[in-house]
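The next part holds the structures, each set out as structure tokens.
In the two assemblies presented below, chain A is common to both, partnered first by chain B and then by chain C.
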Partner chain A sequence: MQNSTVDMIGLIKSTFGDKVQIQLGALGAAAITANNGLHRDVLKTMLAADEKTGITAITGLDLGAIIGVYYHIHTSNVFVTIKTEVTKENPKTQTIVDLHLGAAFHELEVADLLGVVFEGHPSPGHFVLSENWPEGIYPLRKDVKANEIKLVPTPASEEIQLPENKRLVKIIIGPQHPALLEPEKFAVTVDGETVTKVEPRIGYVHRGIEKAAESRGYMQDVYLMERICGICNSCHAYGFVGAVEKILKTQVPPRAEYLRVIALELNRLHSHLLTLGHACLEIGYETVFQYFWRDREPIMDLIELTSGNRVYSSLMTIGGVRRDLKDTDIPKIKTTLEELRAKLPFYRQIYENEPTLKLRMKNVGVLSKQDAINLSCVGPVARGSGYDVDVRKDEPYSAYAEMPFKEIVYTTGDTWARMNVRMDEVEESINIIEYAVDNLPKGPFRLELPRSVPAGEAIHRLEAPRGELFYYVRSNGTDMPDRVKVRTPTFANIPSFLKTAIGESIADVPANFVSLDPCFSCTDR
Partner chain B sequence: MVKKSRISPIFRRAVSHIFTKPATTKYPFVKPKLPADFRGKTIYEIKDCNIIDIGTGPKGLTLDVSSIVGSNCRVCERDCPTNAITIVEVEGGKKRPQIDLNKCIFCHQCVESCPRGAIKSSDLYELATTDKGSLIEKPNPNAKETKS
Partner chain C sequence: MTDTKTWARVKSPWVLHFNSGACNGCDIEIVALLTPKYDVERFGVKLEPSPRHADVLLVTGCVTQQCAERLKAIYEQMPQPKFVVAIGACACSGGVFEGNYNVVGGVDKVIPVTAYIPGCPPRPEAILDGVVKLLNALNPPKPKKQPKQAKAPEVAKPEAAVAQAAQGIVEEEKQVAK
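On to the complex of A and B.
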């Protein structure tokens, strides 16, 4: 790995010279400002130099007369942002989907919310906004007024393009469907029982949290961001708080970092136990589902013990954490984790030997490593396919650099591998929490910081239970942020489902889908 | 040659659980044991709040430093993420916060922000009611709402 890495920034500097401006240390390792059109060449160079180059997110932001389009790019060793801009009169740029498939949904989102036209996009159309949204109004532009939005009548019925081949049948799964707990729609074309095509549609619970954040103070936004997702609430709060702290250029005390790690890992523990159970429910194995959820409950109790509430921990705040961990609580944390660890071998045995699980999970929904890289997959989905991405290892944040843990990678890429990545991560999470509790540094757990944030912009990446969570925060010097961009892990993982479902039986769709641990309410924001 | 048992381990575990104590608790007959710092209903004590009250502290009209702390602060209103706290006028032209627990998300930012400790946390969590009005913590029952 080490000898194959290239000095990406040096390469861009030597290839493009004065045509691009490189600002080191901003928005990742460097922010590369390139003219509209040239950004494609920069990306092309990066893709050619490093096979692991992929798109983490595309941020669109209203900068007055122009719209900034920021491409956040990850490679195997650096994270850079390519900045380009389009004018509001002519908001056109060329698509990058032909260069990197993983960019497709990111472009659709920017097109929907900011009105940037990506010329040459393979499947343009509404992706986040509803069908009855008026033309020409882009909600994330600053000049939009809520009272001017007049919804147009909903089209009587969506035009369903029937397949030409009469053998094929189109089945619409969702937005309300017993197998999918959240509202999302997949139009699945089947030939007999075999899936031949999947067309996704999200946005049914789009709440405009990114826009709402622009009219609230930083302190209020922490709680708003936390409510993007109930399961990984600490991760969302920390994503926002971490970005704001980077703008403020503060370093929180070591004790706060350790307490944050404990909160984030408790999140991961209960999220993984939930998914491991939920996957069993989807294949009709309710006994195991009930056992997993029973064992998840003590973890919820730990979250309640450390934060004051079993779901919304509200622990993160700008400058540290809101409450300290009492020494008297540590024995309870340790015994609970020890009990969970003792139960894991039984569950491993179930996942390993149970014929029902093996039939429905092994060799189902296989995602190859190359596809995982091409589609910019994140988290357990990528790691189940042998693509080793884990922000905790790649770019350690908080106190993760000091934590001893293994990065779990499976190579088979099927549903079973994705679930087993989570199973092993449960054990690693227990190790991390135990280490953090044992080595908790003494000292303050919070800094008092000013309420207003200086002008600036920052990104923050962290490994949420479902994969990499990405935050971009831009401040204009007032007490409210100018732009908050959230890229949730599920958003990056939907393309992998579209890939893996094809060629599989329609009956395997729910189990395959749940193995992504999808969370559409957080993806819609 | 011994034939390998085909009984699934999960079946054995499930059968054995018929004879063990259930994992669930019998709420509401058995109340859960809450941790010490549980974030429940916020309890608000009007006498401790001191906005727009410069000089009318415990020592009458003298201006002592302790009475100014929190004067005209409205920190609770500003920090509330859901705008559950509004400032209303009470008798004597004073202004006091009113907490609408219907909107409250129990983050307890107000408890943390209040410089005079007028809002306290409690572990009351059984707030279900058929009368939404009873969940508004008014500084006085006939308070006139003046949004400012």
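On to the complex of A and C.
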């Protein structure tokens, strides 16, 4: 492998010449139009030039007679989009799973929602939509009306294919299961106690938010996007708002950027405390779960103090934030954070020394750095395996370029490392919020912007508590967006669980799984 | 006998939580109810993993197509008498997701609902209030006043009798010590 600072766009220009069109500065560093199967060759070149090349998302969009398929690719130093298209009569294209394993789920989703056929995909089938979905109706196509789809009712218990080998037993976890807060199904095949195969079935929380966004105004969409996830809601609202602001080419006031950072970090704080506790619950250590959730409540109070709402902060808006921070509230924020910081050594000592936790978490679900790269993992899962991706550092957004914080990386790659990444990030988040409230710039906190947005498209990437969150927004010049695509961190991290669970004990599945901090309302949308 | 059963039910309702396609907002608030700040277990409310042991079904979410049949099956597995509480705007009516292609919208389109708790998400206090209102609606038997004739003084004041006995023991001990 070559060095990681290779000039990727220059390389593509010199390799392909006129065969591809490169539009600099669009959808990341550049948008590369590569039709007639050339997208595979471009991707091959990129994979060979930089070992950290991976796929962030695949966006499918209805462009009239054709369907655009956009591959959003990240490398170690640049983010590009490869554009290709298929016709509606013959929506076939070659799969890229053979080049990069991490693309498998992205392709299934585009196939389900837009009817693009990825030839050569290893496991085609419904992934997001239900099994009784009518043939030939693809909800994200423009000619499909959301309220005209009629479904055939299905029985509650779907047919289960038993494994051929009689030694093997198939255990179905979900959709309703005490260990899962959300309805998802995992069919785990076990040989004795050892897991040999995990088949996920997501889509139980698929609410069709991307389609709904196309029939609502931009302001309404901010609140709709926020409701993708009740935990990282500020991140979703900011992802959408950030993309729209890029299309509008506006710069929000510095005070608004700082207030956004405070909201995003409060979000991260409460989400990490929730997971650190939930992981203990999954291994049967309920006391620590109760402790973590007790200490999460003051953070919820801070969210309520700064935004007026306990769960859905609804703080982000196009052009800034909806509510200013009062100077009189700052001491309360600082004392609460100080109290939380004082409790951290106790929790760290529990994670370091407690034999129960060590037994259930150390060397469980080990994900190697190479696998993390190959599967395009994000967030604490990638950072626990020594793969240093953090959008806040790699491509600073909002006011993160000015914030002093460390990127937390552990190298062991097990469940314990993933949880400790979060533990250390709690402390970093406290530092960021303290710096932000101390250095809060004076001035306005909101701009008045027009309701309609000029035609254009933009992407926005940010680091949600669970990893990189990706938004693509396309506007057609009206007051409603043409297409909104969301790639959530759990969607990118599920393949890593399917990989690490195999060969381990069935009893380790819950602890391993919860270390991804799975959020299916995000995944399914 | 019925009175005793209702009394027991009201004193210790076991609840089952089912997420029918919610965003985690309401779900996390339900879990927050069980944690130290709100701690509903002090009222006897216990989160129960199996539908076969549950009295109250707490449903969150806008009911997606995939979950609708599941929800019905879980409701049917619960023993009588059973109560369903729809928590959050989505569970009450479909909320902001009403009209989306994969959404049935509202728990009452699938199973009968006893109580609605609106909010996006409702605060833990509101959920608690809703559950208490539901339990009061069951008309729990009030502690009965005993008729005046039956109120014999020696029976009515067991504390006094115990105190008298205790005093006796103490005096005996004193004598033994002497």
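The criterion applied here is as follows: the second predicted complex is superposed on the first by the 509 of 525 C-alpha atoms of A that agree within 3 Å, B and C clash if a C-alpha of one lies under 4 Å from a C-alpha of the other, contacts with A are read in each partner's own complex, and residues count from 1 in each chain.
Note that contacts are C-beta pairs under 8 Å (C-beta built on N, C-alpha and C of every residue); 3 or more make two chains touch, one makes a residue touch a chain.
What you see is a predicted model; the values in this text were computed from it and never measured.
Enquirer: Answer with first, second, both or neither: which of chain B and chain C does A:A507 touch in the superposed model?
Expert: A:A507 contacts neither chain B nor chain C.
Enquirer: Would you check which partner chain A:Q176 touches, where first means chain B only, second means chain C only, and both and neither mean what they say?
Expert: Once the two structures are laid over each other on A, A:Q176 reaches chain C alone.
Enquirer: Quick one: name whichever of chain B and chain C touches more residues of chain A.
Expert: Ranking chain B and chain C by residues of chain A touched puts C first.
Enquirer: Return first, second, both or neither, reflecting whether A:E354 touches chain B, chain C, both chains, or no partner chain.
Expert: The answer is first: A:E354 touches chain B but not chain C.
Enquirer: For A:G308, select first, second, both or neither according to whether it touches chain B, chain C, the two together, or no partner.
Expert: first
Enquirer: So, does A:A48 touch the first partner chain B, the second partner chain C, both, or neither?
Expert: The answer is neither, since A:A48 touches no partner chain.
Enquirer: Given the touch rule stated above, what does A:H206 touch, chain B (first), chain C (second), both, or neither?
Expert: second
Enquirer: According to the stated criteria, A:R322 is in contact with first (chain B), second (chain C), both, or neither; which is it?
Expert: In the superposed model, A:R322 contacts chain B only, not chain C.
Enquirer: On the A-aligned overlay, A:E297 touches which partner chain: chain B = first, chain C = second, or both, or neither?
Expert: both
Enquirer: Would you check which partner chain A:N233 touches, where first means chain B only, second means chain C only, and both and neither mean what they say?
Expert: In the superposition, A:N233 contacts chain C only.
Enquirer: For chain A, what residues appear in both contact lists, the one with chain B and the one with chain C?
Expert: Residues common to the chain A contacts of chain C and of chain B are 223-224, 227, 294, 297, 312, listed in rising order.
Enquirer: Which residues of chain C touch chain A in the complex?
Expert: These residues of chain C touch chain A: 17-29, 31-32, 35-37, 49-51, 61-62, 64-67, 69-70, 72-74, 95-97, 99-103, 120-121, 123.
Enquirer: Which residues of chain A touch chain B once you look at their complex with the stated criterion?
Expert: 216-217, 219-224, 227, 287-288, 291, 294, 297, 304-305, 308-309, 312, 314, 322-323, 329, 346, 349-350, 353-354
Enquirer: State the interface residues of chain A toward chain C in the complex, per the touch definition above.
Expert: The contact residues of chain A facing chain C are 129-130, 132, 139, 144, 146-147, 149, 151, 153-157, 175-178, 181-183, 203-209, 211-212, 223-224, 227-231, 233, 274, 289-290, 293-294, 296-297, 300, 310-312, 519, 521.
Enquirer: Quick one: which bits of chain B touch chain A in the complex? Just the residue numbers, please.
Expert: It is residues 8-10, 13-14, 23, 34-35, 37-39, 78-82, 105-109, 112 of chain B that touch chain A.
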